[in-house]
Structures are given as structure tokens and as C-alpha cells.
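Next come two complexes, and both contain chain A; in the first it sits with chain B, in the second with chain C.
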Partner chain A sequence: MYGFEALTFNIHGGYLEAIVRGHRSGLLTASDYNNLCQCETLDDIKMHLSATEYGPYLQNEPSPLHTTTVVEKCTLKLVDEYKHMLCQATEPLSTFLEYITYGYMIDNVVLIVTGTLHERDVQELLEKCHPLGMFDSIATLAVAQNMRELYRLVLVDTPLAPYFSECITSEDLDDMNIEIMRNTLYKAYLEDFYNFCQKLGGATSEIMSDLLAFEADRRAVNITINSIGTELTRDDRRKLYSNFGLLYPYGHEELAISEDIDQVRAVMEKYPPYQSIFAKISYGESQMLDKAFYEEEVKRLCLAFEQQFHYAVFFAYMRLREQEIRNLMWISECVAQNQKSRIHDSVVFIF
Partner chain B sequence: MEEDDRCSSSNPGGIGQEEEDEDGKVLRFLDSLDTYLTLLDSLSSTLRQGWFEVASARHSMGSSRISSVLLDQKVQSAATTFQVRKSIHGSPSESCPSFAISKWASSRDGKCSFGELEVSHVRKTSKNSELRHRGSSNFYDTTEEHDLTINASSSISDSNVHQERSKSLSVFGTLVSPRLRAAQVSFETALDAIVEIANIRSSMLSAFTQLQQQMKEKDLS
Partner chain C sequence: MSSSWSRALTQISPYTFASIGIAISIGVSVLGAAWGIYITGSSLIGAAIKAPRITSKNLISVIFCEAVAIYGVIVAIILQTKLESVPSSKIYDPESLRAGYAIFASGIIVGFANLMCGLCVGIIGSSCALSDAQNSTLFVKILVIEIFGSALGLFGVIVACAAHLDHNQIISCC
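Presenting the complex of A and B:
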């Protein structure tokens, strides 16, 4: 019953909620970002990060550093924290935490399949996979010739199996089919996660519904913008949108027929929560849209910590760390390319 | 000095014409040099813009979606080829290799048609030219007869160019960020600039060689 979580939540979830709130206080602050933005080289960035929780992960990296190294080591920290929480979690929190990783699993599957299609070495591809999305039989993906084999040989024993029901065809894997597979899987995953959170009920359901609905809406906008001028038909585009969210169903109908960014804007401005996002960008421009969406997401994720005794704090923490790693990647790229004047184009401050 | 005066008085226009000719060559050389330096600067900023756009796309789509590990290693026909024309007629001082790029060539049934785009105005200093093709990959199938048709006046339509661009970007997925497409255009512009720089450099070196020769002849006389 909603409102009475305080009576029982701490029995099983109290320790981990305290842990995740502790991790949250380790997120980089505005002053950390200001210091990082003033760095001249990647070694300066490494030096500034050595004073943060990322220090132990970067200290042994030899110079010269590369931006991908910074991202990899910072991701390792997130992975270690996640694994610690997962091994301490009981049901249903453990299932909730596993749901968070299914998105990475989908990305890894698509990476392996695409790389194999391009005749790349499997070992090379495995090194590029996200550690949170690894599973035992992932290397076997390289032998599949079509989606039916992909499912039958590998994915039937993974948590992604239920999401394949809409993808199974005997068509050969090519770039378009792989893209449709990626988005169809992710759509099914989001809907499944949404339903799972609804079953949990309480504050988890309320907060996660809002966060996942925002995720679904953002995906719909990105799919629309990225598919403008491509071979993807309106019907195929419409099929990739999730069946929940603020834009479902009428917004999706209008997005499916949008042919440029201004039409997308016209659709989104009908929804008050998204008016503020599109108010930040000028007409015909889509460059700052990503940043505007990330800022809105960070705002909602931070609000999740204002309430206690729910699981959404774990989801919010993982997403905030991802945003932080994105910020570090961006700052590193701008420093490496000597484009420091453009750093603030995409850095999203969390606090 | 008196001889010079007699020469100038007997052929005043000739010496003046030589000086004008020399001045003209110096001006041509300096013009080429100025264009060359401007193009180098433009290339540098275009490449910076391109790499920045790639970083933006990676930030938007994720590092795993834009990575060198996804590049296609299958043998395939070259989307863009580079041609070198070298003059073999006349003195070395008159040789002026010219460069051209054929972008987004499409192959149909073993035949290829090029939409040859001359990036810059090429000074043709000789009538005979040797055409040399350099493709970036194994383009010719030895088991099929290949027939290259170079049509200097044809151009590939915008829709075909758009299709070819999408095809080359499809290694990163079909639904890519507009920033990645912008990066592709930037690198394409940079490639055009590189060819133009090569042509300008060629003409600049040729002008310099001619000028040097003329000055040597003048010193000897």
C-alpha cells in the first residue's frame, strides 16, 4: 500500500538505499567541472580527477592518455558500484537492478552483430562491449546469419528473449534490419520495464513511470529526427515508438509524419513539459536539443532522491553517473581537440 | 650601359615586354601562393570542425555506436577515386600534374560511371596527358569484363549523392545523428580542399620553376 513503505522498506532495501545515497554524494560538483574545463591537456584532467572518486581508476594509466581511456576507467567505477549493489540485493530489487542493464545488453548484441557483418574480429568487438551488458554466450552471436538463428542459438537463454517476438524473421541481417532490431528490442525492453515497475507499485511505480515515460518520449523524438531523409517509412517509424509516455498515442501519430525539425518542434510544443525544452533552441536547429533533453532528464533524476523508500533512486543514480561520464568524455574531447570554447555546449551540471 | 641604351632605343618594347612577362609570372606565383596558404588555413578549420562534429555525434549516440571497430572490412568498390594527370610533353618546367576527384561513383553490373568533379580550374599545359587512376580498394573484378566510362560533363544527381552518403554512413547504423551527417559533409569538403591544394601547389611550383628559369636566363644574358 502506497505510503507505508517506511514500515518495511529498510528491512531489505535500507542498506542499499544508504549505499546509493552515499554514492550520489560522490558525484562531481560544479566546482569540479569548472576545474576540469580549465585543463589544457588530458594529463591535467587526470590530475584533477585523481582527487575525486575516479582517482584509483586512473592513477595507473600511462601518459599520453586517450579520451576513450578516460571513459573506460570511469565506466569501470560505475560497474564496480553496480556489482556491489547487485550482489547485496534481494528480490525484487535484484530484478529491478538487472532491468537497468538490459539496455546495455541490447547495445552489445547490436555491436557484435554489426561488427560481424562488417567482418571484424570478435575479440576486438568484445573489448568494445559495455561491461554491464555482458552475458555468457555473447561471443556466439558472431555465427548467426539471420535473426531467427540469433534468437535460437544465443538469445533464447538471455533476458532479452521475450523481446524478440516482434523481431524474429528469416531475413538476413543487414544495416537496416539491424537498426530496426535495435529499436524494436529497446522498445520492448522499455515497455517490459515499465510494466514491471507498475507491478511494484508505491513510490517506485510513480517515480519510475515518470522517468521511463520521459525516456520513451525522448527516444521517439530522436528516432524521428535521425530518420528524417532516410529510407525508413512512416509506418516503420511509427512501429519503433513505445506504447506509453506522454506522447502516446497522438503525439506519435504526428511525429511519424514529421519531415523536418520544425515540424517535430510543432508537435512537441503542444505538450507543456516539453515546451521548456524546445524554448531553449532556435528554429531549424537541432544541435542543442540533446543538451536540453539531458538537462531535463538530470532535473527529474535529481528529484527522485527527494523521496525515500523506493527503488527509483538506483535507476536515477546509474543514469546520473552515465551523464557524468558523458560530461567527462565531452570535456576530454574538447581539451584534446583544443576546442575549449565549446566545452559548455554539452556539459550538463548535475548539482 | 650605352649598349643597353642602344638596345633599348632599337627595341624598347622588347625589354619592356620581358619585364612585364617577368612581373606577370611573379604576380602569378604570388597569387598561387596566397591561394595556397588560404586553402591550407581553410582545410585546417574544416578538419577541426569535422572532428568536433564526430565528437558531438559520439556524445549524442554513445561511444559504442561510433567507433572504429564498426568500420567495414569487407572488400568493396571505392566510393571515391582520385585521378592524376601528368603532362609528358614538353620540358619539365612546363609539366604541371593536375589532380581530380570523382566522388560517390556508383557501379552497376560491372560497369562504372564516374561523375567526375573537377575541384579547381586546371591549367592544361600540354595536349597529351597521361591518366592514372588510384582507387582506394580493389575495384576491378578480374573475372568480369570491366568497362570504365569517364564522362567529364555528367554529374551525379543530388538524390544519388544523398543515397551514397547514407550508404557510407550506414556502418554506424541507419538512424544516425544529424551531427554525424554534418561531420561527413565536413570531411567531404576537406577532401575537395586537399585536391584543390594539390592543384594550386602544382601550379605554384610550376610558376616558380618558370620564374627561376627566366631569371637564370636573364642573368646569363
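Presenting the complex of A and C:
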């Protein structure tokens, strides 16, 4: 019953909720980012990060650092925290936590299939995969020639199996089809996650519905913008949009027929929450759109922490950490390539 | 129908009502206290991993919940001293019935007041632990809310004692 979660939530979820809120207090603040932005070399970044919670992970790295090492170690911290929480969780929290990682699994699958298509070595690709999205038979993805084999050989044993019903075709895998496959899988995953949260009920379903609806709408806009000018037909485009969210169904109809960014803007400005996002970017420009979306997402994720006794804090924490790792990657790249003037283009402050 | 039901209720011995009242006063109070303690305790343990300084201060929340159980014990002991045997001819006298019902009511009053008080203090204590871990200036302010919450248990004890104080002379013959 909504409103009475406080009575029974702490039996199974109280300890983990307190742990995840403790982790949240370790996220980097604006003053940390200011210090990092003023670094001259990657070693300075390492020194500043040693004073934060990333210290133990970066201490033992030898001195000529690469940006990929920084990102890898920070991701390792997130993975350790996630695994600690997952092994302490009971149902339904453990299922909820596993749902969070399916997105990474989809990305890993697409990474390996694309890499194999371009004749890369499987070991090299495996090292680039996100650790939260690993599953046992991932290396055999390199063997598959088309989607049906992909499904039959590897994916039928993974949690991604139910998402494949819409995209099994006998077509060969090429770049376009792989992108369509990625988006179809992600659409099925978001809908599944949404339905799962609705079944959980209470504060979890309310907050997660809002967060997932924003995610679905953001993906719809990105799919539209990226497919303008390609050979993706309108019907195919419409099939990639999820069936929930603020834009469903009328916004999707209008987005499907948009042919340039200004038309997309005209569609989105009819929805007040997205109007403020599009107001920040001037006409004809789409590079800042990603950053505007990230800022809006971070704002909503921080709001999830305002309420106690629900599961959405776990989802919000994972996403905020992801954003922080993106920020660190951008800062490291800018510092390594000596382009510090562009640092503030893409860093989203969380607090 | 109603006349036979009301007669059936009055045929129940007042000892039964009094004993059930005493049982409810201690049992339900302890239920409230335990519920509150586990709600606070699980959050406190998790939050203290990142912020160990909060443990000693936040034990106050657990102590407030425990006080609720103690109220229940005190009232149960007071009530059971009021329970005395009467000769069987006088069991269904109006005074005896009134005494039995009064003890029953006192038990329910203190039991349920303490149940709600324990829950209230427990939930506030959980939020207090989590916010103290983030920002230590918040602790004293949230403590004021908890104090108001624990006053609810005191109201229950006061009313329960008042409900059977008048019957001193009647109960002594009961």
C-alpha cells in the first residue's frame, strides 16, 4: 500500500538503503571538480583523486597514467560496490539490482558483435567490455554470423533472451542492423523494467516510472536525431520507440515524421518538462543537447534521494556514478590532450 | 438478538476482561517498541559504516523506543495489583463489572498508544540516522521531532492511569 512502506521496508532493505546513501555521500562535489579542472597533467588528477574515495583504487598505478586506466579503476570501484550490495540483497531487491545491469549487457553484446564484424581480436574486445555487463558465454558471441545464430548459440541462456523475440531475423549482421538490434533490445529491456517496477508498487513504482519515462523519451529523441538523413524508414523508426513515457503515443507519431532538428524541437516544445531543455540550446545546434539531457537526468536522479524506503535510490546511485565516471573521463581526456578550455563543455556537476 | 448478545457479553467474567487488558498493555507495547527498534536499528547499522561517528548519538532513538516498552511494563504491573479476588456471589455485580472493564480499557489505551508511539519514533529515528550521516547539524533538530513523538506514549500512560484511579475504593472490594 502506498504510504505504508515505512512499516516493513527496513526488514529486508533497511541496511542496504543506508549503505547506498553512505556511498552517495562519497560522490565528487563541485569543489572536487574545480580542483580537477585545474590540473595540468594526469598525475595531478591522480593526486587529487587520492584524496577522495577513489584513493585506494588509484594508488598502485604506475606513473605514466593513461585516461583509460583512470576510467577503468573508477569503474572497478562502482563494480565492487554493486557486487557487495547484490550479494546482501534479497528478493525483490536482488532482481531489481540485476535489472540495472541488463543495459550494460546489451552494450557489451553490441560491442563484441561490431568488433568482430570489423575483424578485431576477441580478447581485446573483452577487455573493453563493461564489467557489470559480463556473462559467462560472452566470448562465443564472436562466432555468430547472423542474429538467429547469435540467439541460439549464446543469448538464449542469458537474461536477455526474452528481449530477442522482436529482432530475430535471418539477415546478416552489418552496422545498420546492429544499431537497430541494439535499440530494439534496449526498448524491450526498458519496457520489461517498467513493468517490473509497476508490479513492485508503492514509492518505487512512482519514482522509477518517472526516471524510466525520461530515459525512454531521451532515447526516442536521440534515435530520431541520429536517424535523420539515414535510410531508416519512418515505420522502422517508430518501432524503436518504447511504449511508455510522456511522449507516448502522440509525440512518437510526430517524431517519426520529423526530418530535421528544428522539427524535433517543435515537437518537444509542446511538453513542458522538455521545453526547458530545448530552451537552453540555440537553433540548429545539437551538440549541447546531450549535456542538457544529462543535466536534467542528474536533477531527477538527485530528487530520488529525497524519499526514503524505496528501491529507486539504488538505480539513481548507479546512474549518478556513471555520470561521474563520464565526467572524469572527459576531464582526463581534456587534460591529456591539453584542451582545457573545453573542459566545461561536458562536465555535469552533481552537487 | 441484540439483547441476547449483550447478555452474553455481560456473562463473561470480569476477570477475563481485566486479564486481557493487562496482556494487551504489555504485549502490544512491546510490539510497538520492537517494531520501532528494528526500523531504526537497520538504518543505523548501515549508515554507521560510512560515518562511524553517528552510532553513539543515535542510540538515543533506540532508547526512546525502549522507553515505550517500559511504559507498558509499568502499567501492566500497576494494573495487576488492582486485580483481586471476590466471592463468587459478587462477581457479576455492577461494581465488579465496571472494575473489570476499566482495567481492560486501561490496557488497550496504553497498548495501542505505545504501539503507534514506537512506530513513530522508529521511523523518525531511521531518517535521523541517515541524515546525521550526511550532515551532522541535522541531528539535534530531528531529535526535537522524536521527543514530540515519544510524548504520545506518555499520553497513553497518563490516560490509562487516570482511567482506573477513581475506582480505588471499588476495586479494593473487587
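Things to note:
Just so it is clear, the second predicted complex is superposed on the first by the 351 of 351 C-alpha atoms of A that agree within 3 Å, B and C clash if a C-alpha of one lies under 4 Å from a C-alpha of the other, contacts with A are read in each partner's own complex, and residues count from 1 in each chain.
The definition used in the following text is that contacts are C-beta pairs under 8 Å (C-beta built on N, C-alpha and C of every residue); 3 or more make two chains touch, one makes a residue touch a chain.
Treat the numbers as computed from the prediction; the structure is a model and nothing was measured.
Considered on the superposed chain A, chain B and chain C are sterically compatible, since they fit side by side.
Touch criterion met: A:Gln308 reaches chain C, while chain B stays clear of it. Draw one line from the C-alpha centre of chain A to that of chain B and another to that of chain C; the angle between them is 160°, to the nearest 10. Within the superposed three-chain model, A:Asn10 lies in touch with chain C and out of touch with chain B [touch as defined at top].
When both complexes are overlaid on chain A, the residue A:Ser25 reaches chain C alone and has no touch with chain B. After superposition on the shared chain, chain A has more residues touched by B, the comparison being chain B against chain C.
Judged by the touch definition given at the top, the superposed model places A:Arg234 against neither chain B nor chain C.
Looking at the shared chain after the overlay, A:Asp107 reaches chain B, while chain C stays out of its contact range.
Taking all C-alpha atoms of chain B against all those of chain C in the superposed arrangement, the shortest distance found is 30 Å. Considering their complex, residues 48, 51-52, 55-56, 58-60, 62-65, 67, 69-74, 162, 166, 170-171, 173-179 of chain B touch chain A. By the touch criterion stated above, chain A contacts chain C in their complex at residues 6-7, 10-11, 14-19, 21-23, 25-26, 308. On the chain A side of its complex with chain B, the touching residues are 68, 71, 107-108, 111, 114-115, 118-120, 124-125, 127-130, 175-176, 178-180, 182-183, 223, 225-232, 286-287, 290, 326, 329-330, 333-334, 337, 339, 342, 345-346. On the side of chain C, the complex with chain A involves touching residues 35, 38-39, 42-47, 49-51, 119, 123, 126-127, 129-130, 133-134.
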